[in-house]
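There's a structure below that I have some questions on.
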Amino acid sequence: MNIHHNIEQLSNIKTDLFGKDFLLTWEKSEASIRMILDVANILKEMRASNISTRLFDSGLAISNFRDNSTRTRFSFASASNLLGLAVQDLDEEKSQIAHGETVRETANMISFMSDFIGIRDDMFLGEGNKYMREVGAALDEGFANGVLPSRPGIVNLQCDMDHPTQSLADLAHLQQQFGSLENLRGKKIVMSWAYSPSYGKPLSVPQGVIALMSRFGMNIELAYPEGYGLIPEIVDIAKSNSAQSGGSLNISHSMEEAMQDADIVYPKSWAPFHIMQQRTALLQKADKQGLKELEQVCLANNAKFKNWEYDASKMKQTKNGDALYLHCLPADISGVSCEAGEVNAAVFEKYRIRTYLEAGYKPYVIAAMMLTNKFSQPAEILNKILERKNLRVGI
Amino acid sequence: MNIHHNIEQLSNIKTDLFGKDFLLTWEKSEASIRMILDVANILKEMRASNISTRLFDSGLAISNFRDNSTRTRFSFASASNLLGLAVQDLDEEKSQIAHGETVRETANMISFMSDFIGIRDDMFLGEGNKYMREVGAALDEGFANGVLPSRPGIVNLQCDMDHPTQSLADLAHLQQQFGSLENLRGKKIVMSWAYSPSYGKPLSVPQGVIALMSRFGMNIELAYPEGYGLIPEIVDIAKSNSAQSGGSLNISHSMEEAMQDADIVYPKSWAPFHIMQQRTALLQKADKQGLKELEQVCLANNAKFKNWEYDASKMKQTKNGDALYLHCLPADISGVSCEAGEVNAAVFEKYRIRTYLEAGYKPYVIAAMMLTNKFSQPAEILNKILERKNLRVGI
Amino acid sequence: MNIHHNIEQLSNIKTDLFGKDFLLTWEKSEASIRMILDVANILKEMRASNISTRLFDSGLAISNFRDNSTRTRFSFASASNLLGLAVQDLDEEKSQIAHGETVRETANMISFMSDFIGIRDDMFLGEGNKYMREVGAALDEGFANGVLPSRPGIVNLQCDMDHPTQSLADLAHLQQQFGSLENLRGKKIVMSWAYSPSYGKPLSVPQGVIALMSRFGMNIELAYPEGYGLIPEIVDIAKSNSAQSGGSLNISHSMEEAMQDADIVYPKSWAPFHIMQQRTALLQKADKQGLKELEQVCLANNAKFKNWEYDASKMKQTKNGDALYLHCLPADISGVSCEAGEVNAAVFEKYRIRTYLEAGYKPYVIAAMMLTNKFSQPAEILNKILERKNLRVGI
């Protein structure tokens, strides 16, 4: 059987996933990244075959969304449910909760019967990932002192630095579209800034994409208008990954030129790093007037780059005029969701269903993170799932 | 055993429920309507006998309430839980989401692991049911293209046209109170407008009631003040149903006269069709001033019909002065929930517990819709439930 | 085995828990109180041993929070999940719903498939507990009339009079810290008012603590500034409990003196009884101006007692300078969560982890209330849990 075979492949792989939070892809070994993809694919196959993959008879998965979300919220809920966990929302005020006592205490108070905490905190540069680590340290302390019967795992559902459940879903999609991770070697992927009528979009998607794709020998073209750079340290990580994996990373400033011979394109808006720094400072001071002024400046600046729309003429420049289009969704589609945006409507339509397929990996990626966090021998537990033969639906 | 016997009765009935959304009762065959009632009653009996009717080991039921709800929300949650599904709310803005891209995309994004989507969208004439069909078409597309592992079923939890979970709960209650559906033949049921101090109540309850009850040979009296008509096309459907089923449908304009010799009465406020049309136009333009003015006009008009209260003298006109009183709840009870309303307090009190019993069918009706959507042989799956002998509570 | 032994101890104890709401600890026999603690401890041990304590294959636990909550909300969700119930929130307006028809009707409408309703209603003196009883009476009526297939149990998650899930968690913690309930006999516990920069904190915690601890032979010192008294009837109950249990209850008005030789201290702010009466009257009239003025008066009055902070010098007065510090959390910690508050930061830090351990009993206390409400023979059902050997996590 196909599933049996796929599980067997996992048997001897050593990873650094068991008992560890999943916060940044670049903290995880390549074996771990591959394990997440493999387990995600096996869980997907199992569900399609009406096999119940329930591993928890009871238990809670806490979701802590410090920014709005529909897609990731449903992905987290789906993954939790797939494994048997009930979701409980932690409904904070959307503002940053004071660090210190409150984080430490709240982390423990919600975790007496929690198996996972999924956190989205992507508004403040320098804060989101730090917050997740504060929560993690508080859970470590609680577990060490007998407050918590087990140490809940943390899943990064998007922070200021990375968006690992997204980038891994993107990678799973590429793996499927190109046949294997090995086939991605030498492929050109363009992570390009694109125009959007909104401002303040997080940097975590482009950062997560270049930091992950650079590990698989791809040639990355990172394109953005001058001044729209990402966090320099993360670009450095991607560069170093590229060097190691035998790929490359080039930065350029013309969408049109960047698209030449691309195999894969990811045109997506984001706010410039230095703007996000200013914005974070203003948000922390709750300076409404300052924020309003910054928004005006930004929108005016963005408007200079309305031609950074991924349209038919740019698509034509790509390999066979048909590079695979990726997006984390929702895209700003010109004439559909906004007047002028990231992508031309007809171009988007051509790849629309494939962007849905791309998104469809996210619940399984999250479930794979959960499974590998709780079970040191994923192959063994997946085999047991097969053996017990529980149906997901029906008797 | 009673349950065994009831299940046997189902064995050979052919319905049009399997794999189909439940959007309008008049799209379903009489066999399907009877199947819903029968399955609902069997599930109710099973739960009362502490038999677990869980059929999903995991899975999500999405609820999308585009208007407030307590009763239907809990009924949907209860039905989902009864079958083993976890509820996940889609918390949109309460305004109409732009049709087109967003509906299509969101429908897929929330459905990667969903088995059902329950939708309430009853504010806009010409919109609610249409929206459900847009969602359905998007799910069809997603399923056909491999985006979704299965096609989630849609349950109409109230739209601008019909409120099938309500009218079927009403019918189940009538079946129980009168002994059988056959006993309803020739009974007079009065669906009457009643005064309320609020305005803009949806038309879906009276429309749903006349369109469904007309299929069982009842004599329907639809009573309302001149100008308070329902959607003409749905009244036509009810008329045609009456003709076919050997019943009748008469429209009149005096509550008092309508009540003569009634076996069943359903006094309930609604907004006139032509007002709902104006209101929809104003809502779509977000014309607050216009809405305020329309409300004033309507309330002033309603006030002319304060005598459309179901009171002791009107009750006296009914068969033996004791027609069965129905209401979808909450009723506007004079002197209790408002100064003057749909029903006199003492009259309501006489039938209060029975309105609760009526409401009590709704969770089972929804569960029956779900079960028959997912299982082509309901009798077979219900028998398996009996055979496996799982307790709902206890070991 | 340890768990086996603990279950055996329960076998022959008669309690008044089965089928009864848990509203006030002083309505329950001592055997019942001990049963709650014992079952809670057994469930805690079982979960730590990865034994699934699931007793419901499906079913709902309704939470009705009429005031904000994080800790208790998560405790209720955890307890429900531990036993296999799904939580469904009843999201009312935060204002008091009109008593009468609505309470009666809503109670039934949400309960067709509910096993428990957890209610927090602590804002209005004379209202919260009354509301819970109104809900209970409505459920009785519904069950008696066949509206409800079973009578959902009510769990008091804090009212105007008592906070039983908190005081029982506190007691479980004391039992663990001192080795047994018997060891608490003769111990001095100080329930002391403490300064807080906020006002209007409920009386239910101090009331719940003195009414419960007085049953175990402890010497209770109730300390507060003149004018900050509790509900007199509840103080009388505590006094009478003390007399019966061989303990004592003394009221005094100096935090410093009260702390002399204390074994246990519980410094916690609350609003004076007579202020809560005025506040309730103003809230019921929705008199915003009056509320604002009352707040000013209160805060000014509180400010006279800033020295009612539990600090190192007061801690020094206690037994060995190391009385066990209790708090229901979150505490107002001077220099951490506020400028000046209930407790000095270094003192709090010394006991911080132990306050987390204290809080950790709450989910198990609630689960024990649920289990003993639904199963007349707790020992028997706990033994069955052991025998079936279901894992909570894993296969």
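Per-chain numbering from 1; labels A, B and C assigned in written order.
The rule is simple: a residue touches a chain if its C-beta (ideal position, glycine included) is under 8 Å from a C-beta of that chain, and two chains touch if they have at least 3 such contacts.
Bear in mind the structure is a predicted one, so any value in this text is a computation, not a measurement.
Viewed as a contact network, the protein chains are fully connected, with every chain touching every other. With rounding to the nearest 5, the Cα superposition of subunit A on subunit B corresponds to a rotation angle of 120 degrees. In the contact between subunit A and subunit C, the residue numbers used by both copies make up under half of all numbers at that interface. Rounded to a whole number, the gap between the C-alpha centres of subunit A and subunit C is 41 angstrom. Annotation for subunit C: residues touching 2 or more other chains are 86. The residues of subunit C lying in touch with subunit B in their complex are 55-60, 86, 88, 90, 98, 100-102, 105-106, 108-110, 112-115, 141-142, 145-149, 374-375, 381, 384-385, 388. Note for the complex: subunit A touches subunit B at residues 44, 47-48, 52-54, 70-71, 74-75, 77-78, 81-84, 86-87, 329-330, 333, 336-337, 353, 356-357, 359-360, 362-363, 390-395.
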